[in-house]
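Read through the structures below before going on.
Here chain A shows up in two complexes: once beside chain B, once beside chain C.
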Partner chain A sequence: MTLVQALFYLMAFVALGSAVFVASTKNLVRSIFMFFITLMALAGLYVLALADFVAITQIVIYVGGILVLILFAFMLSGRENLNYISAIQNKFISIRKLPALLLAALFLIGLINVVVKMDTGNLEWVKISMEQKNDIQPTIEMTGNIGVNLMTHYLLPFEAVSILLMIALIGAAHLSRKEVAV
Partner chain B sequence: MNFYLTYFFIAIGLFGFSALFALFGVYAERKLSAFIQDRLGPTETGTFGSLQTIADILKMLQKELIIPTAADKLLFMMAPAVIFIAVYLGFAVLPWGPGLAPAKLNLGLYYLFAVLSIETLGILMAGWGSNNKYSILGAMRSAAQIVSYEIPAGFAIISVVMISQTLNLQTIATQQGILSSEKVTFAGFWDVSNIGGIFSWNVFRAPHLLVAFVIYFIASLAESNRAPFDVPEAESELVAGFHTEYTGLRFALVFLAEYSMMFMVSMIGAVLFLGAWNTPLPNMGVVELAAWTTGAGWGIFWIALKTLSLVGIQMWIRWTLPRFRVDQLMNFCWKVLTPAAFACVLVSGLWRIFLM
Partner chain C sequence: MITITDFLLVGAGLFCIGIYMLVSKSNLIQILIGIELMLNAAILNLVAFGRYDRFNNGGQMFALFAIVLAAATTAVTLAIILNVYKRYRTIDPGKIDGLKD
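Coming up: the complex of A and B.
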């Protein structure tokens, strides 16, 4: 086993283990902090896949932004709400969980099906791009590529997303401002 | 195998450096504050009180590690480590001299920005874990402040990146001196590629970066929770903010993180704006001061000098300015710094198109 493979399995194990903890624990604040570990392990997996820009973006946006926001929401809400969640009866099999279990089982079957049927060693499109030298080397710098593509090929979706974010910002500002007396 | 050993040595060396710097920084801060307030500061332990902080840390190491009964023990114990490691990770990419950088990451600057945001999480962890009203209020103030001030700091950094066209800190450093492979101009018109010195620093290559530097410096004060932005630990209101409940070694770790953070934000400022490890002395005809004072050893000297001067200014500001109120803090960030930073980005774009 090479070092890269060892690292992959380590990261994958950490990501899955912490994700299971996040989903199963009743202490919500701890589960948020555990989610941080899941995100870091995911960033590590991205680095192993040579997507370093995506890995760092993941940390900037999820850890620096979304996790902090979730924590804020927590700390601004009272302790009673948190206690309510940990007081819920939790049996592993109950009728309320049936839809979720069914969905999860179907998804698992689908995934296993894909893994078994797909011959990952010799995929057609991978071979073609290897022949055409259309693959990413570890030494290559991808940031410029991402920037150029965003501003040429994907300009329309990029602008559409920015308008969407703008609308959300204006909406948030409107909702949070003081009511003017008529 | 030697390859990996070097990594370990460098990592341990950087850790030792940040610990030493914290010791020296606390002593310097106490002497400086004493000078500003017309006192003497520590005088008894060692010559001029120079052993005072070593005595302090020895005392701190012996103290009992108290965990409050109501605290979330795991979060409480892990928080100081998370806070310190977040800062310490940043040291991995900072360039110290020509060819001297622990890691030559092509996304170095972006990585730094990401790593700094992890510190917020550590502070929130400490605040929540302590289970104390003052701690949690301090942690929330700190997080709100860091998240807000990341925006002007980020845009000031982007305006530099637009001029230098790279995120690699070592490349940004090289561009600002006589070792640069491309043409360097002073204020866009005077070719100083072979003159170097202070004229080729980023703040003089494009003078609007001077504004960006001031914005970055103010925002970096807020990000390291230093006065006048120290509402998170406002002694008169919150006891000591998020680290109220910490004792002994854990408290020392929080302090270590604060001083390492000061050093790191100053060093980022020096690298991005003030010519990194390049000499301030220009070549003048046959007197080739810039060529004589550029090299690995000189690089470490210059970057340390620039960084320590910025740290000194941080301390000077801390002991001369009163604390901001929370609403003033937010107004200042969103209504003054952020628009100014946007203007810098705009000017950078125009500069790049018309003058470079």
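Coming up: the complex of A and C.
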């Protein structure tokens, strides 16, 4: 087992384990902070998939932006929902969660079936890309290529996403302002 | 060497945990975290397949767009959650059942 493989299994274990903890814990604050661990482990997985720029973006935007926003909303939305949550559910598996658990388990079985049957190593386009040396090697630096592609090949989606960000910014500011007394 | 299948399996697990949170939680913020988990599973799949596209960077580029879109949706969703809390004094989706007043 090489170092890369060991790191992959470590990251996958941390990501899945902390995600299960996020889903199962009663304490909302603790679940938000464990979600932080999940996002960090996912950034590690992106690095192992040779996408270092995406990993950095994940840390900057998800961990720095979204998580802080979620914490903010949690702090602002009162503390009585904390007591409420710990009062109603004590066990991870209780009878009112059984349908959700069943749904998730069935989905997992289906997804694993699809993934295993797909046999990704022998896909047609993957083989073609390997032949044409189109796969990313660990020694190549990708960030410059991403920047050039963003300004040439993907310029239209880039502009569209910037307009959408503008709309979301204005919309969020509009939604969260104080209501004018009528 | 790590194959794509390993990444896809991790993504499948995260996606199902996200579905479980989405269906079973009685708190809007935890439901939002479930949605974020599902989005992250999708981004992991994009990145894993993006390894075989060095010149166009299709997978990584759309992973970046997905991250940005997730940020935008989260901002709007949290603004909506705060408004709901202001009006109903609760963020349990089972108790929010009036259209106006």
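Here is the rule we use: the second predicted complex is superposed on the first by the 153 of 182 C-alpha atoms of A that agree within 3 Å, B and C clash if a C-alpha of one lies under 4 Å from a C-alpha of the other, contacts with A are read in each partner's own complex, and residues count from 1 in each chain.
The criterion applied here is as follows: a contact is a pair of C-beta atoms (placed from the backbone, for glycine too) under 8 Å apart; a residue touches a chain by one contact, two chains touch by 3 or more.
Because the structure is predicted, anything quoted here is derived from the model rather than measured.
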Check: Looking at the overlay on chain A, is there a clash between chain B and chain C, or do the two fit?
Finding: fit
Check: First (chain B), second (chain C), both or neither: which does A:175 touch?
Finding: second
Notebook entry, point to check: Of the partners chain B and chain C, which touch A:29 in the superposed model: first, second, both, neither?
Noted result: first
Notebook entry, point to check: Any idea whether chain B or chain C touches more of chain A?
Noted result: C
Notebook entry, point to check: Touching A:53 in the superposition: chain B (first), chain C (second), both, neither?
Noted result: both
Item checked: Which superposed partner A:72 touches (first chain B, second chain C, both, neither) -> both
Next item on the list: State whether A:164 touches chain B only (first), chain C only (second), both chains, or neither.
Entry: second
Notebook entry, point to check: After superposition on the shared chain, which partner residues are touched by A:8: those of chain B (first), chain C (second), both, or neither?
Noted result: second
Next item on the list: Have a look at where A:143 lands relative to chain B and chain C in the superposition and call it first, second, both or neither.
Entry: first
Margin query: How many Å separate the nearest C-alpha atoms of chain B and chain C in the overlaid structures?
Written below: 14
Check: Once the complexes are superposed, what residues of chain A are shared between the chain B interface and the chain C interface?
Finding: 53, 57, 65, 72
Notebook entry, point to check: Touching chain B in the complex: which residues of chain A?
Noted result: 27, 29-30, 33, 36, 52-53, 56-57, 59-60, 63-65, 67-68, 71-72, 75, 141, 143
Check: For chain C, which residues count as touching chain A in their complex?
Finding: 1-10, 12-17, 19-21, 23-24, 26-27, 29-30, 32-34, 36-37, 40, 43-44, 47-48, 50-57, 59-61, 63-65, 67-76, 78-83, 85, 89-92
Checklist line | Complex interface listing, chain B residues touching chain A | finding: 72, 74-75, 106-107, 110-111, 113-115, 117-118, 120-121, 124-125, 127-128, 136, 139-140, 143-144, 147, 150, 167
Checklist line | List of chain A residues in touch with chain C within their complex | finding: 4-5, 8, 12, 15-16, 19-20, 22-23, 28, 31-32, 35, 38-39, 42, 45-46, 48-51, 53-54, 57-58, 61-62, 65-66, 69-70, 72-74, 76-78, 81, 84-85, 88, 97, 99-101, 103-105, 107-108, 111-112, 115-116, 118-121, 125-126, 129-130, 133-136, 140, 142, 145-146, 149-150, 153-154, 157, 161, 164-165, 168-169, 171-173, 175-176
